[in-house]
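Per-chain numbering from 1; labels A, B, C, D and E assigned in written order.
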Amino acid sequence: MRGLLWLVPVLPLLGVLANGLLVGRRASEKTVAWIACGSSGAAALLALGVIADYLRSLSPRPFDLHLWEWMSPGALPMSGAMRGAAKLSIGFGLLLDPLSVVMLFVVTFVGFWIHLYSVGYMAGEPGFRRYFTYLNLFLVAMLVLVLGDGYASMFLGWEGVGLCSYLLIGFYFDRESAADAGRKALIVNRIGDFALLAGLFALVGRFGTLQFSELSSLIAASGDALRSPYGLGLSFAGFVTLCLFLGATGKSAQIPLYVWLPDAMAGPTPVSALIHAATMVTAGVYLVVRSNAIFQLAPGISALVAWVGAVTALVAAGFALVQTDLKKVLAYSTISQLGYMFLAAGLGAYAAAIFHLATHAFFKALLFLAAGAVIHALGGEQDLRRMGGLWSRLPRTARAFGIGALAIAGIVPFAGFWSKDAILSAAAASGTSGHWVLYAAGLLTAGLTAFYMFRAFALAFLGSYRGDPKSEHPLHEAPWTMALPLFILAVGAVAAGWLGIPESLGGENRFGRFLEPVVAQLSGKAPAELGELSQAAEIGGMVLALGVATLAILMALRLYRLGSERGAALAERFPWLYALLVHKAWVDEIYDATIVRGAWGLSRLAAKFDAQAIDRGLVEGAGRLAVFGSWVSGLFDRHVIDGLVNLSAWLLDRFSRSLRRVQTGAVSNYAFALALSAFVLVCLYAVWR
Amino acid sequence: MKPSDLASVWNVGTEHYLALSLMLFGIGLFGVINRRNLITILMSIELMLNAVNLNLVAFSYQRGDLLGQVFTMFTITVAAGEAAVGLGILLAMFRLRQTTRVDAAQELEG
Amino acid sequence: MSFLAGFLQENGAAILFYLFAGLSLAGAVGVVTWKSPMNGALSLLVTFLAVAALFLLRHAGFVGIVQIFVYGGGIMVLFLFVIMLVNLNRIEASERVWRQTPWALLLSLLFVGVVGVIARANWAGVSTAGSAERLRTFGGEVVGNPQALGQELFRHYLLPFEIASLFLLVAMIGAVVLGRRE
Amino acid sequence: MFDGVHEVPILSLICFLPLAGALVVMFALRDPATIRRFAFGVALIDFLLSLPLWFMFDPQGPLFQFKEGLDWIPSIGVRYEMGIDGIALLLVLLTTLLGTLAFLSSWSAIREREKEYYTFLLLLQTGMLGVFCALDFFLFYVFWEVMLVPMYFLIGIWGGPRRLYASIKFFLYTLVGSVLMLLGILALYFWNGRGLFGWTGAGNPLSFSIEQFHRIGPSIPADLQFWIFLAFFVGFAIKVPMFPFHTWLPDAHVEAPTAGSVILAGVLLKMGTYGFVRFSLPILPEATRRLVPWMVGLSVVAILYGALCAMAQRDMKKLVAYSSVSHLGFVTLGIFALNGPGLSGGVLQMINHGLSTGALFLLVGVLYERRHTRQIADFGGLSAVMPRYATIFLIVTLASIGVPTLNGFVGEFTILIGAFSRSWLWAIAATLGIVLGAAYMLWMFQRVFFGPVSHEENRKLPDLSGRELVYLLPIVALCFWIGLYPKPFFRILEKPVAFLVENAERAATVATPDAALGR
Amino acid sequence: MPFPSAISLRDVALIGPELLLGAAGMLLLVAGAIGKGLSQKDAARVAGFSLALGAAVLFEVRSVVGRVPARLFGGSLALDGYSFFWQLLALASVGLVVLMSSRGLESIASRASEYFALLLIATSALMLMVAALDLLTLWIALETMALSSYILAGIFTRERRSNEAAIKYFVLGALSSAILLYGISLLYGATGTLDLEALAQAMPAALAQGSRIAPLGGLLVAAGLLFKIAAAPFHFWVPDVYVGAPTPITAFLASASKLASFAVLGRVFLLAFGGVRVEWQPVIAGIAVLSMFWGNVGALTQSNVKRLLAYSSIAHAGYLLIGVLAASETGLWAAMFYAAAYAFMTIGAFSVVALWSRGQYAAESCSDYAGLGRRSPYLSASMLIFLIGLTGIPPTGGFFGKVFLFAAAVEAGWTGVAVVGVLTSALSLYFYFRIVVFLYFTPAAEPAMHWETSPPPAISAASIGVGLCAALTLALGIFPGPLIDLVKQSLLAMR
C-alpha cells in the first residue's frame, strides 16, 4: 500500500492536467468541480490508506521512496568533514516518517474539504476552471513539499506553493491591488528562498548530499566539527540554520518578512484558508522541525528562533486587536499563531510545534471558512463595522465560527488548548536563558488572542445588523458544499487536540511520542523537553492560561457585544497605543523609509520609470531602489561603455577628416610632402643610427 | 687657411663633385616643389637628373669602372623620354585649360 | 709669371672645375628663379653645357658628348619648341614666391645640409686618385673611352639597352597620343 | 560500435545541408511561397538528421565522436576536422531545433525579399553548426567569422528602424573580438610548431588540431598562456557578451527580426561560452586558474548589472536582451567555478537559456506581429484576451527565473552549488541575481497580462494560432523535461566536464582561486 | 662584328614572353597606324590573345628552366620561381584589365590600338622588372612601366580629370624616380656595384666599415619604391590619380603596377639588403603601420567609391609590407599569396564600378548604388564578395592572405604591428560595408534614370571578368592549398 505513496501527489496532478488542458473552455462548472474534488478526495483517501498502512507496521521505520535521480552534475570537491571529491547526486523521492505522516494527513484532509467548500464559494466566478486548476496544483506542490525526501525535492514543492500562492492571490488579476499583493508575496518569498538556497548550498558543499536520511546521519557523525567557525562569524551549523530560518520567516510570515501575508488576503477566502492559514504558511515551521538535527547544534540560532517567534506572536496579536476587516483579523492571528509554533521550535519543543501546527490547521481553516461564509452571505462585505447580529440569521456559520474561536482561544477541551499548553509549558520548563519572558509573552499572547477573536465574534454575530439594510434580504445560509466542510472542520477543531493530552492529565501524549524518532535529541546537553515540570506546576500553568483566556473573552464580549462604541472609548483612553496598533507600528512605512533613505532624492527619479514603484512596502521600496539602480546602470551603459566606443569613433572620424584635408589636390603640396617624407626618412635613420 | 685645407681645395676630388651634384639636386628639388609652372617643373627635374649623372660619373672615375658612365647614358635617355612625355601632357593640359600652371589642375582632392 | 704658369699648370683642373661648377649652379639657380620659362630654358642650357664640361674633366668624354647632343640638342629644342607651341605670351609668368616658398626653401636647404653632413663623414678621406686608364681600356688594351663604353654596354648591359629602346618607343607613343590634336 | 554509421559523414551532412539549401534558394527558386516551404523543409530535415546523434552518441565512448578528417591546406597543417563531444552535441541539437523554429516564426512575419532572407538564414545555420562541429581551430575560426555576414544582413535588411546602426555595431564589435582571437590562435599554432619570437616551441608538426592543442596546452609557459588567454578572452567575452562588452547586444536584439533575435540569443551567444569551455579552459589551464577571480567577478557583475538594466527597460525585447546578459553571467560563473557542478550546470544553462530566451523572443515576436509595438506600456490585461498565450508566456517566464520543475532551476542550482564551493561570497551575490530576475520578469508579466485591458486595440487580439503553438510547445515540453529529468543531459556532459576539471587540476596550482577570492 | 660572347641566344629565347608582348605592342601600333586603324574590339582581342600566348610561353619557359634559377644576360635577369610567380600574376591581372577595358573607352576608340599597345609594353617591362637582378635593368624597366602608365592615366586627353591625374602622376613619379636614382647612384658610389647579389655581400661590409652613404642610398631607393607601391607617406598621388584615371587603368595601377613594384621591393630588401635587415626593419614597420592606419582611417569618410578603393589600396600596401617586415619565408609567401588575392579582389571591384558607370553617369558615389542589390543582383553579389575579401573575412582569399601575413608578423615577433593590422582591418569593415549598405539596405532613392536609359548589357567581356575575379576570390578562400604550394615552391627556387 505504501508503495503507492507516489500516487498521492500524482492524483491532483492529473486533476491539474485534466482541468488545465483536456476539458475545453466551455466545460461546465460541474465537470470541473468533479475533477478537482475527485482528484483531491482520492488523494486524501489514498493518503489515509498509506498512513494506516504505515502505522500498522510494527516499529515504523522511515519509508524512503526514491523515484528518480534528479541532478547528477559531476563531482564536487568537498570541504571540511569529508575530504576528496564526492560524486554529487541529487535525487527526487518521497519520504514517509512520522513528521511527514502528520503533514500529509493535515494537507490532504484539510485540502480536500476546502476544495469542496470552494465549489460553492466560487460558483459562478468567471475563472472557475482556472481557480481549481491552481488549487489542485497547489495541492501537488504542498504534497511534494511535505513528502520530499530531501531538501531538493522539498525546495521544489517550496517554490511550487509560492508560485501557486502568487497565482491565487492574484486570482482577480484585473484588480491592481490583487496583482500587486501577488507579486509582493512572491518576491518577499524569493528573498527568503534566496537565504534558504544559500543554506542548501552550504550543506551540499559540506556533505555532498541533500537527502534527509543521509544528512541526519552525517550531521550526527560530524557532531562538533560543525561548530567550527564558517562564515559571517558563525559556526557552520549557525550559518546553515540562520539561512534556513530566514527562508522560513519568508514562507511563514515571521518578523521581518511577514508584511506580505495581510495583503495576501486579496485572494479568494478559501485560498486564504488553505494556503495562508492551514498549510503553506506552516511550511517554515516544518522546515525548522525537519532540520532539527542541525538546529540542535546551533543553540544561539535556536534561541533567536524562539525570540523571533515570541515577538511576532505578541506583536501580530496586538495588530489583530484593532483590525476592522474580518479577514485581516484572521491574517494577523495566523501570523501570531505561527509565531507560537516558532517559539516552540526554537525552544526545542519540536513535537509541540508540530502539534500546534496541526490543531491550528483545523481551527484556523474553520475560522476562515466561516468568515468566508459570512462574507459570501453578505455579498462580499468584509468590514466588521458593517456586520453584527448575524447569530440568528446565519446560525450554522455562527456556531462554527464560535467553535473555532473557542479553539484558538484555548478553552478546554478544544484543540487549541492542548497544543498551546504544550508550548507554554515547554517555555516554562525550557533551559533557555530568559525563558520566563518567553513564557510571559506566550501567556499574554494567549490572552490577546482570546480577546481579539471574541471581539471579532461579537462584532460579527452579536448586537444588531449595522450593514445597509438593502443587502439584508439576500442573506442566505451557505449551500451544503460549504456547510459540510464547516462541520467536519469544526469536529476537527474540537477533537484534534485529544491526540496530545499530556501525561499530567492521565493522557499519554501520543502525538509527542509518535514524533520522537524524528525529533530525537542528539547526544549532548538536551534543551528542556516536555514533561520535565512537576505535574503540579504543569496543571497550574494550564489553569493560569485558561483563566487568562476566559477573562479576555469576557472582556471582549462585554466591550463589543453591542458594537464597537465602547471599544472606541477604550481606544480614546490609550490614543498612542491605539495609533501604534492601527498603523501596525508603521512597519511598512519604516521599511519604506529605511529602504528609501538609502537614496531618497533618487527615488523620485526612479519613480519616473514606473508608477508601480510609487507604492508602499518593503518590496516596492526595494523595487524602487532596484529601478533606480537599473536606471543608473542604463545610463552607465549608454554613456560610459558606449560612450567610450562612440568617443573613439568620433576621434577616428575627426582623424579621417583631417587626413582628407591634407589631401589638398595641389600637386605642389604633394611634391613637397613627398620630398619631406623622404627627408624625414633620412633624418630618422641618421638620428637612429 | 691651413695648408691641408688648401690642398683639399685645390686638388679636386670626388667629394667636390658630389657636393656640387648635391647642390644641383637641391636646387632642382626646390624648383619642383616651389614653382608651379609645369615647364619649369620639368626643367627642374632635368636638373635633378643631371645631378645624378654627375654623381655617377664622379664615382665611375673614382672607382675606375665604366658602370657609372653606362648608367649615365641610360639616365640621359630616360631624361629625354620623360621630357617628351611630360611636354606631351603639358600640351594636353594647355589645350584643356589654356594654362600650364599646375595649380590650375586641382579638381581632385580630399 | 712663371708662378702663374706653374699655378695654372698645377691647378688647371681645379680652376676649370670651379669655373664650370659655378656656371652650372648659376644656370640651375636661373632655371628655378627666372619668371619666364624662356629664360629658364636658356639658363638650363648653360647648366647642361657646364655639366658636360665637368664630365670631360672626369674623363667621361663620350658621355659628355652625348650630354651635349641629347640635352643641348634634343631636350632643349623640345622645350623651346613646346614653349613656342604654347605661344609664349600666353604663358602667364607664374609668380615665384607663394605660401609654400619659404618651406620649400627650408626643406631643400635642410635636405642638402643633412645629406651633406651624413655623406661628408664618409667622403672625407675617400681616395680621390681615380684612374683614368681603366676608363678607356678594354680587355687589357687601351681602346679609348667610347669603344670601351660600347663594349661594356653591349657585353654586359645589352638587356637594359634593349629595354631602353622599348622605353623610347613608349615615349614616342606617348608624345603622339598626348600631343596629337584631334 | 557504430562503425557502420560512422562511414556516413553525418556531421558534414548536417553542417552543409543548409548551405546546399541556400544555393538552391538563391539560384533555383522564384516564388516566395515555395521558397518559404523549401527553406523550412531543409531546416526540418536538418533537425531530423541531427536527432540520431543524440541516440548514437555514446557517453562512455571517447571524448570526441563522429569524427571526420580531410586534408584541407596540408602545406600549413590546416585540416578539415569535424567531431563533437557531449557539449557540442547538445549545442548542435539546440541549433538545429531553434533554427527550425525560427523558420516557422518567420513564416508570416517576413513578407519582403524572402529569397535573400531565407538564403541568409540558411547560411547562418551552416556557419553556426560548423562552429560547434569543427575540431580544427582554423576551421572553427573560419565558420566563426563566416557566420557574421548573414547575421549582419538579417539585422540590416529586415531589422527595425535603427537597424543600420545596430547591424554595423554588432558586426564591428564581434569582428574586433575575433581578429584579436585570431592572433591568439596563431601564437598557439606557432608555439606548437617551431615556436615564435620569444618562445621556443614544442616542435610538433604544424597543426591547428584542437585535440593536439588540448594535449600540449598545459605545457605552454605561463606568460604566453596569459597573453593567449587575453586574446581569446576578448573574442569570447564580446560574443557572450560579458560585462563591459555587452552594449552591442541590446541594440542588435531590439533591431533584429524575431528569427534573428531567437538565433542570436539562442545560439550565437553560446559560441562565446562554448569557446571558453572548448579552448580557454583546457588549452590554457594555468592562465585560467590565475584569472578565475577576475572571470568570476565579471560574471557576478554581469548577473546583477544585467538584471538591473533589465528592470529599467520599457521595451520587452530590450528587457529580455538584458536578462540574457544576466543569465549568461550565470553560465560564465559556472564555467569558471572550474568544478563538476559548476561546469555541467554552466553548459546545461547554455541550453536552458537558449530554450527559454528563444521562446521569449518568439513570444514577443508573436505580439509584435499583431500590434507592431513592443512597449510594455502598450499592453495590459492580455491574459483575459489571449489566455493560451498568457499561459505559455507564464511558463517560459518561470523557466527563465528558475522555478523548480523547469529547466532554468536545474541549471542555476547546479551552477550555484559549484560557485558556492569556490567562494560563498560570490555565490551569494549571484544568488541575489535570482531574486532580481524574479522581480523584473514578473513585473513585466504583470504589466503585460494583469490588470484591466488598458488599450482598446488589444481587445481584439487573436490568441495563438496553430502554427505558433507548433513552434512554441516543443520548447515548453523541453523546459519541463530538462527541469524534471535532466539526467540524460548530465550523463552526456559527464565525460567532457570530467576532462575539463581534471585538466584544471593538472595545471600546476600557484595561487588557489579560493584564496584569491578571499575565502 | 662578332656577337658579344656574354649573351647567348638561349637568353634571348628565355625572355620570349616579354619579347612577345613587346612585339605584339608594336604590331598593334603598326596596325593602328595603317588605314583607318583597328576597332577597339579587335585591338582588345589582339591584346588578350597575346597575353594568353605570353602566359603559355611563360609556362614553357618555366618548364625549360626547371627548378634551378637561371641567370640571363650576364646576371642582369633571373628566371626563378619568384619572378615566375609575379610575371604570371602580372599577366593574369593585365588580362583582367584588358577584359574590363571592353567598357568605358568609347571616347578614345580611335586610339584603342595605342592604348592596348602601351598596356602590353608596360606589361613586358613589368615582367622584366620583377626578374631584374641588377639595379640598372630594374630601374630602366621600372621607368618604362611608369612612363607608359603616365600616358595611360592621361589618355583621355579631353577629360580634365584624366589629364589632371596624368599631371600629378607624372610630376610626382618623376620626382620620386629622381630620388630613387640619386639613391642608386649613392649605392653605386658606396659599394661599386649595382648587382643585387653582389650588393648582398657588399652592404654588410660597407656598414661594417661604418659607411653612411650605403644606407642613405638604400633609404632613397626605398623611398622611390614605396612611392610606387603607394605606401604612406608616399601615397599622396594615389587617391587623385586613381579617381582621375580611366577605371581600367586605375585597376592596372592598383594591381599589376603596384604588385610588381612590391615584388621588386621584396627582392631588393630581402636579397640585396637581406643581410642588414635589422637596419631597415623598424623603418618598414613604421611605414607599414602608417599605411594601414592612414589608408583605413582616411577611407572612413570617403563617399566616392574609386577614392575609397584608392585609400584601401594604400592600406593594403601596408598589409603587404608586413610580409617584407617579417623578413621570413612565411612572410614572403604570405605576401605573395595576399598579392594574388588582392589583385583579383581589387580588379573585380574596379570592374564592377566600371560596369555600373555608363555614359555620362559615373557611378562613383556610394549613393549612386542605392538599391542596386535588387536591380543587378549578380554584380552586387560579386561586389559583396570583393568587399568581404578586402575586409578579410572568410571564405575569401583576402581572409587567408591576411591571416598568413599576421601569422608571419606574430612569428617574427612584430606582434604590435600585427595588432594594428587586425584592428585596422576590423575598422575597414566600416567603410567597405557602407557600400554594402547602399547596395542592399537602402532603396533606390529616385528611379535612377540611367538604368532606364541604358539597361545593363546581359553579358559582356567585363562582366565575364568580374565573374572570374569573384570565382577566383572565392576559390582562394576555400581551396588556398594549390596557390600556397605554388608560392612556397617559388620561394624554394629563389633560395
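The criterion applied here is as follows: a contact is a pair of C-beta atoms (placed from the backbone, for glycine too) under 8 Å apart; a residue touches a chain by one contact, two chains touch by 3 or more.
Note that the structure is predicted; figures quoted are calculated from it, not measured.
Enquirer: Give me the chains shared as neighbours by chain C and chain D.
Expert: A, E
Enquirer: Just the chain pair, please, that has the highest number of C-beta contacts.
Expert: Here the largest contact count links B-C.
Enquirer: Work out per-chain C-alpha centres and flag the one nearest the whole-protein C-alpha centre.
Expert: Closest to the centre of all protein C-alpha atoms: chain D.
Enquirer: Going by C-alpha centroids, which chain is farthest from chain C? Tell me that one.
Expert: A
Enquirer: Roughly how many whole angstrom separate the Cα centroids of chain C and chain E?
Expert: For chain C versus chain E, the centre distance works out to 33 Å.
Enquirer: Which integer distance in Å separates the CA centroid of chain B from that of chain E?
Expert: The answer is 28 Å.
Enquirer: Return the distance between the CA-based centres of chain A and chain C, expressed in whole Å.
Expert: 105
Enquirer: Roughly how far is chain B from chain C, centre to centre by C-alpha average, rounded to an integer in Å?
Expert: That gives a centre separation of 7 Å.
Enquirer: Considering chain A alone, which of its residues make contact with at least two other chains?
Expert: Chain A, residues with two or more chain partners: 660, 663, 665, 667-669, 671-672, 675, 682, 686.
Enquirer: Going through chain B residue by residue, note those that touch at least 2 other chains and give them in order.
Expert: Within chain B, the residues that touch at least two other chains are 14, 18, 25, 28-29, 32-34, 36, 58, 62-63, 65, 67, 70, 74, 78, 81-82, 85, 88-89, 92, 95, 102, 105-110.
Enquirer: Would you please write down the residue numbers of chain E that are in contact with two or more other chains?
Expert: Correct list: 136, 140, 143, 147, 150-151, 154, 157, 166-168, 171, 175, 186, 212, 216, 239-240, 302, 427.
Enquirer: For this entry, which pairs of chains touch?
Expert: Pairwise, the chains that meet the contact rule are A-B, A-C, A-D, A-E, B-C, B-E, C-E, D-E.
Enquirer: Which residues of chain C touch chain E once you look at their complex with the stated criterion?
Expert: Residues 115, 118-119, 121-123, 154-160, 163-164, 166-167, 169-171, 173-174, 176-178, 182.
Enquirer: For chain C, which residues count as touching chain A in their complex?
Expert: It is residues 100, 103-104, 107, 110-111, 114-115, 118 of chain C that touch chain A.
Enquirer: Any idea which chain E residues touch chain D in the complex?
Expert: Where chain E meets chain D, its residues are 374, 388, 393-395, 399, 403-404, 406-407, 410-413, 415, 418-419, 422-423, 425-427, 429-430, 433, 437, 440-441, 480-481, 484-485, 488.
Enquirer: Quick check: in the complex, which residue numbers of chain A touch chain D?
Expert: Against chain D, the touching part of chain A is residues 68-77, 79, 85, 88, 92, 152, 155-156, 159-160, 163, 166, 170, 173-174, 176, 179-180, 182-183, 186-187, 190-191, 194, 197-198, 201-202, 204-205, 231, 609-610, 612, 622-623, 626-627, 629-634, 637, 641-642, 645.
Enquirer: Of all residues in chain A, which touch chain C in the complex?
Expert: 668-669, 672, 675-676, 679, 682-683, 686
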